[in-house]
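Chain naming follows the written order as A, B, C and D, and within any one chain the residues start at number 1.
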Amino acid sequence: MDRRKLLKTGLAAAGTLATPAYLRAQSNKKLSILTWNIADQEALFKEEFEEFKKANPGVEIEWLDKKGPDLPAFYQTQLVAGTAPDVIDIQGALWVEWAANGALLDLTPYFQNDPAFVKMFNPDYMSSFVYDRKNYLVPFYVAKTLLYYNKTMFKEAGLSAPPKSFDELLAFSQAMAKGEKTGFLTLNFDWLYWPLMKMNSIELLTPDYKKPAFNTTAAAELLDRLAKSTASGAINKIAWTGRWVEPNGAFASGTVGMMQAHSASYFFVKGQGRWINPDTLGAAQAPGDWSTPTNHGFGVSKSSKNPELAFALVKHMTSVKWATRLAQIRRVLTANIEADKAGLDSVKADDPLAYAVLQTQLEHTDKMTGNWPLANDAQIKEAFWPEFQNAVLGRKDGKTALADAERAVMRVLRRS
Amino acid sequence: MVRHQRSWPIHLALLIVCLVMLVPFYWVLKTSISGENIFSYPPNIIPRAPHPFYYVDVWYAIPFARYFLNSVVVSVLTIVANVVLNAMAGYSLTQSFPGKRVVLMLFLSCMMIPFQATIIPAYLITGKLGLLDSYLGLALPMFSTIICIFVFKASFDAVPRSLIDAARVDGLSEGRIIWKVMMPLAKSAVATNVILSFIWSWNNFMWPLIATRSQDMQTLPLGLARFISYQEDTTGALYAFCIMVLAPGILLFLLAQKEFVQGLTTGATKG
Amino acid sequence: MSFEGDPARSVRKRWFVSRFVLVPCALVLIAVLWNAWVFTHNHGVVAGRVVDAAGAPVEGAEVKLWVFNFTTFVEQASTKTRSDGSFEFAKNPSHNIQLSAEKLGVGRSRIPVRLYFQSEDIVLKRPLQLSSADADNK
Amino acid sequence: MSVTAVEPSATRPRFTERRSTRRAVLIWSFLAPSLLIFLLYRILPLGWNVLLSFEAWSPLKPAVFIGLDNYQEMLSDDDVFWQALWNTLGIIASAPVGIVIALGLALLVNSNIRGRDVYRTVIFLSYPLMTVAVAIIWRWMFDERVGLINYVIRSLHLADQPIPFLNSFTWALPCVIAANVWQMLGFYMIIILTGLQTIPGNLYEAAEIDGANSFRRFLRITLPMLRPSLFLCFVIGMLNSVTSFDLVYVMTNGGPGHATEILVTYIYKLAFNQTRFDYAAAITVVFFLLLLAVTWVANRLSGGDVGAVEHN
C-alpha cells in the first residue's frame, strides 16, 4: 500500500512541475530574441526591452542567451520545431547558411522603406551582411582583426615600427624569437588567419565561388614558410592549435612579439597582463591593411509571427541611443557611425590604448577578407582548416596538404 | 603472521592508485583557491596566498542558487523514477518469459544510440508531450536507465530461489514478494541506483541545453558550459566553479558510500 | 528504504540522528547564518584614507571607485578626501572593485579591493599611498 | 504498478495457470514504463535517423529520397569519417585495459585488508564527477605550461621541452583515453566487486581442499564466474565511453586536425555546425550497427547471457 501511495504522490508532484513557463505566457504579441553569449549585458537589455514595451504596449519579450558553440544546435532545433526566436544575434558566417536555407527573413524591403536607418551604419560592415544581393542582418556589434605588438620586445630586438609586409612580419618574428620568447601569434577560428594568405594575394575560391583557387605553388611555399617559422619558434604554435584563451593568454604573458587578433582580445589581454600600457603595447593594421571581421548582427526569423514588430525591436536595439550605451559599456564598436563616435570619445578619456585599438576597427574597412557569402562556409572551413593545420604544424608538406584540402573543398562545392 | 607479510604490498599498490585518483582533485582545488598564472613555470605545488574570491566571482557570475535548485529538482525526479521503474523492470528480467532475450537485446541496444543523434526527435517528442522547458521534460529521458536495470536484475538474481518459493507457499502476492522479500535484500542495488541516477541527471549537459528556453530553467552544467565560453580567462574561477558543481555529487556519494560500498559486499549474496 | 513502520519509534529516532539528516541540517544552518550576516552588512560602504609618500594625510585628493564590468573596471563614483585624508563611498554595488586616488603634484595610486559578497561594508586597513611614480597598468 | 494487487487469500501454489497468466501480465506491466521511456527517447529517434539517412534534408528544406548516397559518400569519399571511426575503435579497444586494472583493484579491495572501504570509496570517487568537469580537470592536468603532468615529466628530466599533450597529433588521443579510463575505473571496479560477491564461497573452500593455489583458484573459479560481470563491464563501459561526447568536446573538440575526432563528435558537428542532419543520420546508423556488432562479439566471447549472473 504505502508503496503505491508513495508512487502516487511522486507522480502528482511531478505533474505540478510539468507546466512549461513560456507556454503559459503565450500571446500573439510575443517576441523572443536569442543573443549570442552576451548574458553579461542583461541589465542593459532589460532597460532596452522596457523602453520598447512602453512604445509598443501589450508586447512581451522573451530573452534567450546561448553561448557560441551551443547556439547553432539550439536555434536549429527550434527551427525544426517551428518555434524559432523572432530575432536572433548571429556571429560570423553562420547566417549565410541559414539565409540560404530560408530560415532568415530578407530585410531588404525594410531597408528600402527606411533609408535613414540604413545610413546610420558603416556601409562596409553593412555590406558584409549581404547574401545574393539581399540584406539579412543589421550590425549589432562588430570587430575585425588587427596586429597587436609588444613594444618592449620590439625594442629588445632593435625593431622600431610594426611590419609593413609579410616578409617583414616573418623576419621580425624570427628576430624576436629566442628561448621562451616567440615572435608571432594569430587567432585561427572563423578564418581569422586568412589575412596572412591575403597578404600573399592567395584566394580561397575563384571569383565565381565555384572552384578552389588556393592550390598554387605560391600558397604551398607560403605554408612551408609558415611551417618553418613555426618549427623554429618564430611563430608560436599556439597560433595553430589554440582558439581564444590560449593565444590571448600567451600574448598577455608578454613572451610573444606580435598577435593578430580582433579588438575584443585587447580587453582580455589587458585583464591578464599587468605590463600593458601605451608604452608597452602597440596596435596597428596588419601588413597590407588586411583584416578579417567577426561581426555580430541581428536577423529576423522567417517563421516570426509578427516580423514588423521583430524588425522594430532590431531597429530599437541598434538605435543610436542604445548602440551608444552598448559601445560605452562593452567597449565595442557597433558600426553605428554616431554611436561609435560617442563610444570612442568616452573611451579616449580613460583608456587611450583601447581608443587606439578601437580606432583601427574603423580604418580600412574596405580591406576586409575571409568572409565569403557562402551557403556552406562552415563545411568549407571544416574541409580546409585541418589540412592547413597539418601543413603549418609540419605533418604534411604544403603541396600535399593543399592538394588534400582542394579535394575536400571540391567535395563540399560539388555537393551544393 | 602470513597476512602481515602479504598485506603491505597490497596497501602500497592501493595507496598509489588512490594517489592517482586523488591528485587531480587536489590540483583543481589548489587552482581554485590560489589561481595560476598560466605562463609561469614551474607551477606551485602548494597554493600560494589562497583566497576564496574566485568562488565569490562564480557565485555572482551566474544565478547560481537558481541553477542549483533546478539541478536538484530534476535530479530528485530522476532518482525516484529510476529506483521505481528500474526495480520493476529488473524484477521482470529475473523471471523467465517469452521474448525475454529480445527485451534484453532491446535494452542493451538502447545504449548504443548516442544522445547527440537523437536531439531533434527527442525535442519534438517532448514538445508533443508539452513538457518543454519544464522539470519533468528535463528529467523524463533519464527516467529509466539500462545499467541500473541490470544492477537490480543482478541483485534480484542473487536472492535465493528457496526464499521466494517459501514466500509463494505462504501465499504472498508477487508485489509483496518484491517489496518484503527482495527489496530488503537489494539495498545495495537501491543505493547504486540512487547514486548513479543522481550522477547522470546532475551531470547531463546536452539535453538541458536544448530543452530549456527560459533563463530560470537552466541547470548547473549549462552554467559551467557558459562559464567555459568567455569567463575562461579567470582561470581560478573556472576551477572554483568545477568544485562548486562537483561538491554536491561527491557529498552525496560520501554520505551514502557506506550503504553503497558495503552494500556491494554484504548485500544480496550467497546462493 | 525501510518503509515498514513496525518498530517505528526507534527507527525514526535513529533516522533523525543519522548523518543523512545531520549533515544537511548543518549546511542549512551555516547558510542561514551566513545570509544573516550578509543582510546586515551589505550597505555598500567603502571607507578609507589617502596619504602621501611620507604617510601624511592628503586632503582634497580625488578618489574614484571602479567597478568590475565584464572584462574592465568602469568608474562608478568619485569623491574628494576630507582634511584627515579620509573618504567614504555609499552604495558600492559590486564585490570586485578598484580604488584610485589622485592629487596633482602629490601623485596617484590605485589598488584592487576584493569583497566577500556584493556591496560588503568595508574599511580599508591600509591607506592609499600616493606616489609620483606612474601607478600600475593605468 | 496497480496491476500487482493480488489477494493473498486467492493465491495457492497449485493454481499455477492463473498465477502464470497473472505473472505474465505482471512482468509486462512492470516492463512497460521503462520500455515506454526507451521507445520514446531511443527507438523512435533511431527510426528517425534511419529514415533520414536515405534522404537529403535540412531544417526548412523538404526531404528528398536519395537512396544510399549518404552511405556511399561516407564510405568512399570522407576521410574524416574513417579517422573518427578508427579513433572510436581505439577507445573501444582501450576499455579492456581499464577493466583489467579494475579487476586487479577489485581483487585487492575484496581481500579483507584494513581500510578497504576507504580504498573503494576513493577509487570510485572519480565516477560521480560531471564529465564536463572531468574534461576541464584533465585539460588542466595535461596543460603544456603548468599542467601537473608536464611538471612531473620535466622535473624528472624525462623531457627537456614540455609536451603539448592535447595539441599534439600523437598524444591527444591517448590523453583523452587516459582521462576516460580514469573516470570509468571506479565504475568497473564496483561492477566487478558485485560479481565477486555473487561467487559462492564454498567453491573456494572446495578448491582449497583440492589444494589449488590462489592463482589456479583465480583461473578456475573467479574468472569463469566473473565472465558475466566482465562482459557487463566491457559493454557498459565501452558504450559509455564511445557515446559520451562531453569529454572529447571539452578536452580537444576533436582537434588537433581530426586527431581526436570520434564518431559522436563528428555526428554532432555535422548535424549542428554544418547543418547536415541527413549525413549525420547515416553515420549514426553505421555507428549503431558497429556498436551492435561489437556487443554481439563480446557476448559470444564471454559466453555470458546479457547481464545475467548465473548460479549453478
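Here is the rule we use: a contact is a pair of C-beta atoms (placed from the backbone, for glycine too) under 8 Å apart; a residue touches a chain by one contact, two chains touch by 3 or more.
Treat the numbers as computed from the prediction; the structure is a model and nothing was measured.
The pair with more inter-chain C-beta contacts, choosing from A-C and A-B, is A-B. The geometric centre of subunit C is 47 Å away from that of subunit D, both derived from CA atoms. Each chain gets a centre from the mean of its Cα atoms; for subunit A and subunit B, those two points are 37 Å apart.
Separation between the centroids of subunit B and subunit D, computed from CA atoms only, is 14 Å. Among the residues of subunit A, those touching two or more other chains are numbered 3, 7, 40, 73, 80, 268, 271. Residues of subunit C in contact with at least two other chains: 71. Multi-chain contact residues of subunit B (touching two or more other chains) are listed as 37-39, 84, 119-120, 175, 225, 233. Pairs of chains meeting the touch criterion: A-B, A-C, A-D, B-C, B-D.
Of all residues in subunit A, only 2-3, 6, 40-41, 267-268, 270-271, 274-277, 329-331, 350-351 touch subunit C in the complex they form. By the touch rule above, subunit D contacts subunit B in their complex via residues 1, 4-9, 11-13, 22-24, 26-28, 30-31, 33-35, 37-38, 40-46, 48-49, 105, 108-111, 113-114, 117, 119-133, 136-138, 140-141, 143, 145-148, 151, 154-155, 162, 182, 185-186, 190, 193-194, 197-198, 200-201, 232, 235-236, 239, 242-243, 245-246, 250, 263-264, 267-268, 271, 277, 280-281, 284, 287-288, 291-292, 295, 305-309, 311. Residues of subunit A that touch subunit B in their complex: 3, 7, 10, 14-15, 17-23, 32, 37, 39-40, 62-70, 73-74, 77, 80-81, 83, 244-245, 248-250, 252-253, 255, 268, 271-272. Listed in rising order, the residues of subunit B touching subunit D in the complex are 7, 10-11, 13-14, 17-18, 20-25, 27-28, 31, 36-43, 84-86, 88-89, 91-93, 95, 97, 101, 103-122, 125, 140-141, 143-144, 146-147, 149-151, 153-155, 157-158, 168-169, 171-176, 188, 192, 195, 198-199, 202-203, 205-206, 221, 224-225, 228, 238-239, 242, 245-246, 249-250, 252-254, 257-258, 261-262, 264-265, 267, 269-271. Residues 1, 4, 19-20, 23, 71, 95-96, 114-118 of subunit C touch subunit B in their complex.
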